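Each structure below is given as structure tokens.
Both complexes shown next keep subunit A, but they swap its partner, so subunit B is in the first and subunit C is in the second.
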Partner chain A sequence: MAGHNDSSVSEKKSSQAVDDLPTFSVENMQNNMKVIYYSRTFLSIIGGVIAGILGFTGFAGFIFYFLIMAITSVGLMAKAKFSVHSYFDSWNRIILDGFLGGLLSFVLFWTFAYDIVHIF
Partner chain B sequence: MAEDLVLDTAIRDWVLIPLSVVMVLIGILRYFVSKLMRSTSQVPDLKIVKEGQVIIRARNLRSAANFIPPKSFRARRVYFSNEENGLLHVPKGQAPNPQAQMFSDPNMAMDMMKKNLSMIIPQTLTFAWVNFFFSGFVAAKIPFPLTQRFRSMLQNGIDLSTVDVSYVSSRSWYFLNLFGLRGLFSLILGEENATDDTQRMMQMSGFGFDPTKNLGAEKDSLDIIQHDWALPKFEQRAEKVLRNLIR
Partner chain C sequence: MGLGFVVGVVGVVILSHAAYSTIQYRSLLKIMEEEFSGPPMNVVVELLLGLVLCMWAALTVPGNFLSIKLDTDENRMVSLPGNLDFMIFNHRGKVFSSEMDMKLKI
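Entry: the complex of A and B
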């Protein structure tokens, strides 16, 4: 019995060692990254339009952008059921990736909506 | 704000909105045209395909090296990179001259030219169109203040130093669209479009693309890889599981 117990402990250890290894399927991870990129781009465009319609100017608009991105990060985390490491290799992927990539789209649509609604 | 400019609503209806819509439509058109022009019927060279497959196999071995025992890894590495008949080994002096190869295959140069043209022509045309019709308009106002340094960037085409910098001329609005719509395109056209530009850049930079150089590079990286088996206790573990099954 003791031997069996012992073996189960060592088995657990070895299985833990196996789990600790970063074993990712590259294709799946690329797909996940793509999903992140799409959702960030989409939300930055939508956020830009909303910011323009609400008439944010100056600093408020950028704060709004960061807020949107933070919400996106939280949403992605919720989608990953808060176990980020089973979908991505690091936290940075979900929090920082594509953070500045959407900024240009955001500024463009912000300007567009703002001009159409408020300037003329 | 007292110094606010009053912009005519006609500018919005006839400059700002049409310009943006045209930019989007031209982007979509460009995508489909370049898709059409991509010649698909050419038969790839047997040797090049073979080398490409070998490289992919070697890359797979490299990325999954830690999941096979050291002995198997060494055997596979020798298979790929030994000096006599390894698949990745290129005998010296046999490497074909890439320049000559390119001239012997006019399709390749033709393809590259088509791709570049499909990128350049719409851009020059749109730029000329914007320049011709909309030069000198103050078309938009960006909703955040900027410093004077941005004047040349944002008020391209207006030579007034008294206008607030946050007002954007139509030509600069065109540039803003050009860069900012990339995200939208990747949403509506799929990822293919997003990667297209970078792929083109790669092709342009790698004009004299040489497959044998690739083979050599792959061989080197396979040679220097440190093998570290990830599953050292796997056999014992499997034995244990099987024994438990029998019991």
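Entry: the complex of A and C
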């Protein structure tokens, strides 16, 4: 009886250990995240330059940033061949990650390009 | 890698040319004493072209996505030697002299 209980407990433990193990390749996941960060950062900079040249001020520039990031998300999904779960563990990775860091680069280059083109 | 990088450089050059055209347009407006309402049409076209080229570069240059599933073809062979429990040093293959042994003896 006691042995049976022990075995059931150990089974439980082993099943928990199996649950805790990551069921995807973490290294490849980090590689994919790095690719996404590069893409988003570069496109934030480019979007900032374009917004500055077009002369957006105030709220319109932020709307333009959202537009650029939406297009980038669609492009990244197309790059992942629309099977997101074979390259990432959740949708947030491809839609939200790198959003705020990109926003800071965007504002920096937006003001930079606007100053160069429209003020000086 | 190389092609995408060149496309990105071309996109950045197009964007800088668009910026230069806008600066010229503003100085023209200053001479004609008119107000700036929006960038001219050729600048908008250049900006769109540069955006598309840079978008293409940004999506191709950083590298390809690797599959995170453990049972795909490229991940199976990598994960087996990574697990130390599967390393076997004492097996019947050592009876046959391999090229590795010949190199070691020499």
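Structure notes:
Simple rule for what comes next: the second predicted complex is superposed on the first by the 98 of 120 C-alpha atoms of A that agree within 3 Å, B and C clash if a C-alpha of one lies under 4 Å from a C-alpha of the other, contacts with A are read in each partner's own complex, and residues count from 1 in each chain.
Keep this in mind: a residue touches a chain if its C-beta (ideal position, glycine included) is under 8 Å from a C-beta of that chain, and two chains touch if they have at least 3 such contacts.
As the structure is a prediction and not an experimental result, all values here were calculated from the model.
After superposition onto subunit A, partners subunit B and subunit C are found to sit side by side with no clash. In the overlay built on the shared chain, the residue A:Phe99 is in contact with neither subunit B nor subunit C.
In the superposition on chain A, contact is made by A:Leu43 with subunit C only, not with subunit B.
In the overlay built on the shared chain, the residue A:Ile71 is in contact with subunit C alone; subunit B does not reach it.
In the superposition on chain A, contact of A:Leu54 is made with subunit C only, not with subunit B. In the superposition on chain A, contact of A:Ile116 is made with both subunit B and subunit C. With both structures placed on the common chain, the touch criterion links A:Lys34 to subunit B and to subunit C.
When the shared chain is aligned, subunit C comes close enough to touch A:Lys79, but subunit B does not.
Following the chain A superposition, subunit B and subunit C show a smallest Cα-Cα distance of 9 angstrom. On subunit A, the surface touched by subunit B in one complex and the surface touched by subunit C in the other have residues 26, 34, 38, 42, 55, 116 in common. Partner subunit A is touched in their complex by these residues of subunit C: 8, 11-12, 15, 18-19, 22-23, 26, 36, 38-39, 43-44, 47, 50-51, 54-55, 57-59, 61-70, 72, 75, 79.
Within the complex formed with subunit C, the residues of subunit A that make contact are 23-26, 28-29, 31-32, 34-35, 38-39, 42-43, 46-47, 49-50, 53-55, 71-72, 75-76, 79-80, 86-89, 113, 116-118.
Against subunit B, in their complex, subunit A makes its touches with residues 7, 11, 14-15, 17-18, 21, 26, 34, 37-38, 41-42, 44-45, 52, 55-59, 61-62, 101-102, 104-105, 107-112, 114-116, 119-120. Against subunit A, the residues of subunit B that register as touching in their complex are 7-9, 11-12, 16-17, 20, 63, 140-145, 168, 176-177, 179-184, 186-187, 191, 230-231, 233, 236-237, 240.
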